[in-house]
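Below, chain A partners chain B and then partners chain C, in two separate complexes.
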Partner chain A sequence: MTTTLEHQIEYAVKCLQVGKRYGRSQALCNLSLSLPQGRTIGILGPNGSGKSTLFRLLMGLSQPDSGHIEILGQRPSWQVNRDIAYLPDRARWYVGDTVRDAFRYAQRLLPGFSQHLADNLADVMEISLHMKVDAMSRGQEARLMILLCVAREVPLIILDEPFSGIDLLSRERIIECLIHHMSRREVTMLVSTHELHEAEPLLDHAVFLNRGELIMSGDADELRAHHGSLERIMKTLYA
Partner chain B sequence: MSSETGFALLIARDIRRSMSSGKPNRHWRLVYAAAAVLALAVVATYESTQHTMVLSSITPVWTISFYIPIISFGFPMALVMNEWRQNTVGWWLTLPLPRFQLAAAKCLAGVGKAARVTLWTFLGISVLGIYASIVSTHRLDISSSLAFLAAGLRWNLFLLCLCPFTSSLGLVFGTMRQSRWRPALPIAWAACAIGWSIGNKGGKNWNTKNLLGLGHGMITSEALLHVAIAIVASWLLAVLFIWFAAYLLERQTNL
Partner chain C sequence: MDERRVGSLSFRIDYSQPIYEQIVQQFQSSVVKGEIERGSKIPSVRELAQALHVTPNTVMHAYQEMERSGLTETRRGQGTFITSSQEQIEQLRTKLADVAIQQFMQRMSDLGYSKRDILRLIEANERDEER
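Coming up: the complex of A and B.
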């Protein structure tokens, strides 16, 4: 019992020999990793390295072909999703909704959603509550979706490619907001991104994947001390 | 958050949601609706001046609304497929609600949309029928108007009772299309066609139109009992279909 409790406290995510295949393509290959709690963790790698597949398995969107997954000490399920704020890859918000509708949806369906926090974040991210999703730019819509995740008081936030397709200014604003917000809370955040240059200050742990396999992971400061920067490691690993 | 309020919200949002992003905007929809109303009014006026239209003789016009269970098949199918098309499936399937509730919400939203269409159809036929009768006979016969409306209400309620079944079937087709079971779709269509033809043969013995007061036959309590049993059985089948769709969403979707 003590061991289980310690294990739950220590790790937000634990994967053991996880395999996932889509037809002939092997998305994850015997992936074993443990992600510590209370850190902001970058899941890094080129396209097809298995980042999004890993997140989908964690959220129960897909089932692994083999292996064992634990998230917040439980197997992925709709029950554990109460404690996770998840931004899916290439997600869009519902056409026809206003920002206020989206907040109402989050309040009723996403546990831990704080209306007060969401209003503050909307102000910081310059999103009007009356704005319709149809009339938003890609950057504004991305800010809204990130806001819906970050405004939840839950132990785990998973953001899958939150900066893709967003202009530099929006990206910087989102990252500033995330850094400010995360520094004030005891929360684990998993972020997958290609935009490592801007996102690097956000990360304090990094996991590098390639073709569904773990090739390197560790504390971001230690990795930086050995290699200069995470961006440099990425360039070396995937050159 | 209680799962009941979340479930109700999902249904309400899906009922309100338009089926296609390519739909004409509100202004054009109003133009089309006005044109359709005008055309129907012209046809009703012309027909009522050419023939004597007594409401009791035009009661079978209610059978027009037979399309309602058919379109209720399409509603949940489109709602499910739109989650994939509009890239909102990641939000939908990671909601902290059991997949059965997510699937059931789509099915009930399909029934809700069908109920809205039924209401408009009922109002439209009621107004046109009574208008044509007044133009033709130059008087408003209250008792035959009430009988006409009662027959329409019975018939439309009967059709609406069939919608949970057709809607759940549409849900299965929609989820199957997005799952690893997609290659089995032709088999599912064939099974539907066989089921439809068997259902039609059985239905002929009941003479549903008479039974609901649209024809001139006798309404027997035995026949009514048969219809009630068939409706309850169709609802039980609907629950099974929703359960199957939930299974496909849980175990057989490859996202």
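Coming up: the complex of A and C.
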């Protein structure tokens, strides 16, 4: 079954021997990866393993020192970025007074933003349109930021540590929102996290990084068949 | 281990095993036990993914596997249905019984019992239960 599928797989992201150094620290080292289209892919590893660096390179925000990167069939550029909804690590930007204002702002600025979809997702995420943005809890704000990404009709969504530092309820709401979204239409999602928590069943594919190197990757159910849960693999690899 | 209910169905998902296999196995056992009637409609990929909190790709993988094995059939525009063939379900029951027996025999053999010992133990166990 998987073998017959292999022939038809198209890749949302391809990296070939990518290296990136910041000063004396090697952020990514000879990284080669192929990430299949239409799947939710976990980019996993402890802090400092190169997850955010990888995303920054994919978005063209910094340049690799060596190697080749292809995203949605092209080299990273601002033109491709129209088709990518990216939530950077620790992103908190001013988006207006209320949630409704934030949606208006997104409608004007974010390519592919769908008001209709945003309203639906706000329902799933339990975010009221009248809510004041600066009165939000950390978890509510994180939910709003993710919502603004996911409400875009684009083929690729990249979320950097979307579950970090927020409460269990918000994490569950976010996961529900992402699953809701995935079952609506085909989309590729890259989600990085240093802790799996409840995100385990969200992943179709997992990539394990450590100190800028690829240590394991593959189909989530195949990895489970050989090594047990992804959470357990993480514990073993990073012990 | 997470337990989730979808209509009259109840699913237990253990993340240390492939998730799609568990979905297939739980449909198989519900059908064999008669908890799902033959010919009845099962949830759409989207409904089940949302209810189980797993990805639609995982549910799709399970549904493809069930269709391939003849447990379900997809009717265009109507959804996915459990097979209406009693024969197909009997075949599945026999297959699941074979698997159960093989697992049991393997465990007993790991404990050092021969086939003959095992049969004798089963008979002795039955006599005890009758008493």
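Methods note: the second predicted complex is superposed on the first by the 226 of 239 C-alpha atoms of A that agree within 3 Å, B and C clash if a C-alpha of one lies under 4 Å from a C-alpha of the other, contacts with A are read in each partner's own complex, and residues count from 1 in each chain.
One rule holds in what follows: contacts are C-beta pairs under 8 Å (C-beta built on N, C-alpha and C of every residue); 3 or more make two chains touch, one makes a residue touch a chain.
From a predicted model like this one, the values you see are computed outputs, not experimental measurements.
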*Return fit or clash for chain B versus chain C, each positioned on chain A through the superposition.*
fit
*Between the C-alpha centres of chain B and chain C, what angle is opened at the C-alpha centre of chain A, expressed to the nearest 10°?*
160
*Kindly classify A:Glu176 by the partners it touches after superposition: chain B alone (first), chain C alone (second), both, or neither?*
second
*With the two structures laid over each other on chain A, which partner does A:Leu230 touch: chain B (first), chain C (second), both, or neither?*
second
*Touching A:Asp204, do we find chain B (first), chain C (second), both, or neither?*
second
_Quick check for you: in the superposed arrangement, does A:Arg39 touch first (chain B), second (chain C), both or neither?_
second
_With both complexes overlaid on chain A, does A:Met59 touch chain B (first), chain C (second), both or neither?_
first
*Closest pair of CA atoms, one in chain B and one in chain C, after superposing: how far apart in Å?*
27
*asked:* Give the list of chain B residues in touch with chain A in this complex.
replied: 1, 5-6, 9-10, 13, 16-18, 21, 86-91, 93-99, 251, 253-255
*So in the complex, which bits of chain A are touching chain C?*
1, 38-40, 175-176, 179-180, 182-184, 198, 200-204, 220-222, 224-225, 228-232
*Quick one: in the complex, what on chain A touches chain B?*
22, 56, 59-63, 78-79, 81-82, 84, 86, 88-96, 104-105, 107-111
*In their shared complex, at which residues does chain C touch chain A?*
2, 13, 15-21, 45-46, 49-50, 52-58, 61, 64-65, 68
